[in-house]
Amino acid sequence: MSEPWPLVATGSAARRAIRDPGPLAVSLAFYGVVASVLATLWRTAAASHGGALAGYSSAQFVWYIFTSEASIMALNPRQIELTGEDIATGAVAVELLRPAPVLGVRIATEVGRCLPRLMGCALLGAVFATVMVGGPPRPAALFLAAPSLVLAVTCNLTAQHAFAGAAFWIRDARSTWFLYQKLVFVLGGMLLPLQVLPAWLHGVAAVLPFTAMAYAPARLASGHLEPWLLALQLGWLAVLAVVARTVFAAGERRLQVVGG
Amino acid sequence: MSSVMRAAVAEARSNRGAFWTQVSAMALNDIVWVLFWVIFFGRVGTVRGWDRSRVFLLFAVLTTGGGLVLGLLSNARRIGQLVVDGGIDAALALPVPPWPYLLVRGVDPVNLGDVVFGVSLFAVSGSPTLERTAVYLLGAAAGAVVLASFLVAAGSLTFFAGRSEAGDLGFNAIILLSSYPVDIFAGTTKVLLYSVVPAAFVAAVPARLVDHFRLPQAFALVGVAAAFAAISWAVFTAGLRRYTSSAIWTRA
Amino acid sequence: MSIVADGLTKVFESGRGRRRRRVEAVRAVSFSVDKGERIAFIGPNGAGKSTSIKMLTGILFPTSGSAQVLGMTPWRERRALTRRVGTLFGQRSQLWLELTPRETFRMLGAIHGIDQAALRRRVAELGELLDAGELFDTPVRSLSLGQRMRCELAACMLHDPAILFLDEPTIGLDLLAKQRFRELLVRLNEERQTTVLLTSHDVADLEHVAQRAIVINHGIVIYDSEVAVMRRTLLSTKLVEVALAGPAPSPEIAGVTFTQVTETSLRAVVDTTVRPIKAVLDAVLVELPVTDISVTDPPLEQVIAEIYAMPST
């Protein structure tokens, strides 16, 4: 029996990332500081607003923020730039010489690379949150947050690859990675729970895929037992996968005509 | 010194390639920040004496002072890197005092965009009177001194540690912590932000002073700025002495 | 026939409007390769070698012309073809830099759907064949270029391809590593009848690996013949450079033309069909106060110039 290549790709990348603890530690430290500060802000805000805000208590806010930050910080913020660079330099063209789909191998590898960071941040976040406000508001929901985090990261990476695919046509498209990042921050529910947004903005966010990347796991971890969020994530993952696949197929075809 | 600065500006000018992308990135960053606080205070009202207008003051001070430091004295954040890759040696080979030379030598015009943003923000939302403007400018200057001093001190730890991680972490930490209203923190964290990592003095204290000027606090701010400048000079000099007198392994 | 190329042409277009540029990278290239042959595609930089390989492996569409590799049209059946051929690009690594080669092999094995036990056997086999077994567990970034290239070769051979395409594989290698690499290619070819097609701008690659040489210049095939024949007609000259202890009269040696004589050095062109190089060197060493001596192949440019100068066939 041969091993299924997605598992090998993810596994190798994860092992590779663990073997380099320096950058991992720095990422975790950074996450610790950023998430703590933002969580403190919202906790103080809720406390000074009578204990609850937009339907979230102080404790729920804290668990929300630590989770939403973990789901985003697990990724390399410049992933779009790196993927775009690989496309522009022809590294992707050479990957066409393997009998496995270029996009599939890349996404599997990137997910693997993120997993150690994700687990580290999730663990650290849970500890910090417990110290700050006590245990998880609803352990059953937290249980669902774990697979939700993995789905969130996968959705995010898939979307980023679709975005990076612009580099097949526009060489400098990769430098617009920060645009994507900001969309996730605000509309994905990383900086704040979506319920805090004014109603119209919440409506906009609800129809965009970014909610699958931070809001979903954070909402679950903050104690709201809403298993349909996982279905939402799977749905978005399917859509994003199709989009990314289409972009890459077109891009690969272009490489074959125009040269890598 | 001015000739060094002129050369640095010319060098920065030649890197026009990524300039506009970086400017757009920073502009977008600033816009998202403003949006965040608009939404936040829209929901919350006031938090521990901070409301939207005061947070905007904080942001104006931070972008002005921070932009000046990162734009004109951009090497302040790179001291760690310069130690590790041998850039310090280039400065030591010249007949000028290294500390001011290094600071003045790096110019990052992209960050000057932040200064523009800060000034505009203050003009639009800071209810600028003559007094408030004066306090804002002086506050930003003091905050800039605190920021630059901290960055140099943190970076100078690389002389002792051999690795530049302390400098990078210090930079990210202080910028992040300076952009929040300090009063949301309590206890030990708050004490920390007024001492070891003086993020409170970079923007929060000056912002409070604009709104609510009190002479003793203003003096305290200036005093702290001077103290940190002295500390950073001391740490840098000590580190430099160690660097030149012993064989520290660097990547260079 | 393993490979058949018929009138392969590739035109690159870039720019817009007035700045539109057309580059004819490859013009009507035709040739065929038998199973088990070792072919060298030789030409200067920009001659169209890499472009040709890219078309034959299916990652580039030709502007016109056709090709059949193992009975498949490469650009139409690329995925299927990748299972039967191996490709090594000299300037691009297949191996993940932070991993060990063995871990990359595991990844590639999974991609090619190779049974785990069979993969392990194959890796061991290749380790022996390529004298690289002890390198497989070192992180790639710690390997020298020569060592890395041997591991890259193993990576291409994992799925037992019928054809091996190599694009400038010896670039950047020192002389010893180059020789070793060439020997390994010949060994691979002889062990498993793997067809080898390599591109290079180093004439020595041609001499030591190939049975047949195709010379390409400005996108056109200007020469296609057996290396043995080429050796007799085009590669029979060698350049000798001698450093002298002091001025000395140039000796008269048959087949040797002295092209540059100074007080301390000599340059000569040797026609090895008239006199073998060893005899020439013996004579020179005896008759002249030699402090240093070097022997080189004629540069590719000269070979090409000679091809153009040949009477048309």
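Brief remarks on what is shown
In order of appearance the chains are A, B and C, and numbering begins at 1 in each one.
One rule holds for everything that comes next: a residue touches a chain if its C-beta (ideal position, glycine included) is under 8 Å from a C-beta of that chain, and two chains touch if they have at least 3 such contacts.
From a predicted model like this one, the values you see are computed outputs, not experimental measurements.
For subunit B, the chain whose average C-alpha position is most distant is C.
When every chain is represented by the mean of its C-alpha atoms, the one lying closest to the mean of all protein C-alpha atoms is A. Averaged C-alpha coordinates give centres for subunit A and subunit C that are 45 Å from one another. Subunit B and subunit C have centres, each the mean of its CA atoms, that are 56 Å apart.
The distance from the centre of subunit A to the centre of subunit B, each centre being the mean of the chain's C-alpha atoms, comes to 30 Å. Those residues of subunit B in touch with two or more other chains do not exist in this structure. Residues 12, 51, 54, 57-61, 75, 78-80, 82-83, 87, 89, 92, 94, 96, 98-99, 103, 106-116, 119 of subunit C touch subunit A in their complex. Note for the complex: subunit A touches subunit C at residues 1-5, 7-9, 12, 15-16, 19-20, 90-91, 93-94, 96-100, 105, 255-260. If you check the complex, the residues on subunit A that touch subunit B are 26, 29-30, 33-34, 37, 40-41, 44-45, 48-49, 53-54, 172, 175-176, 178-179, 182, 185-186, 191-192, 196-198, 201.
Those residues of subunit B that touch subunit A in the shared complex are 18, 21, 24-25, 28-29, 32, 35-36, 39-40, 42-48, 165, 168-169, 172-173, 176-177, 180, 184-185, 189.
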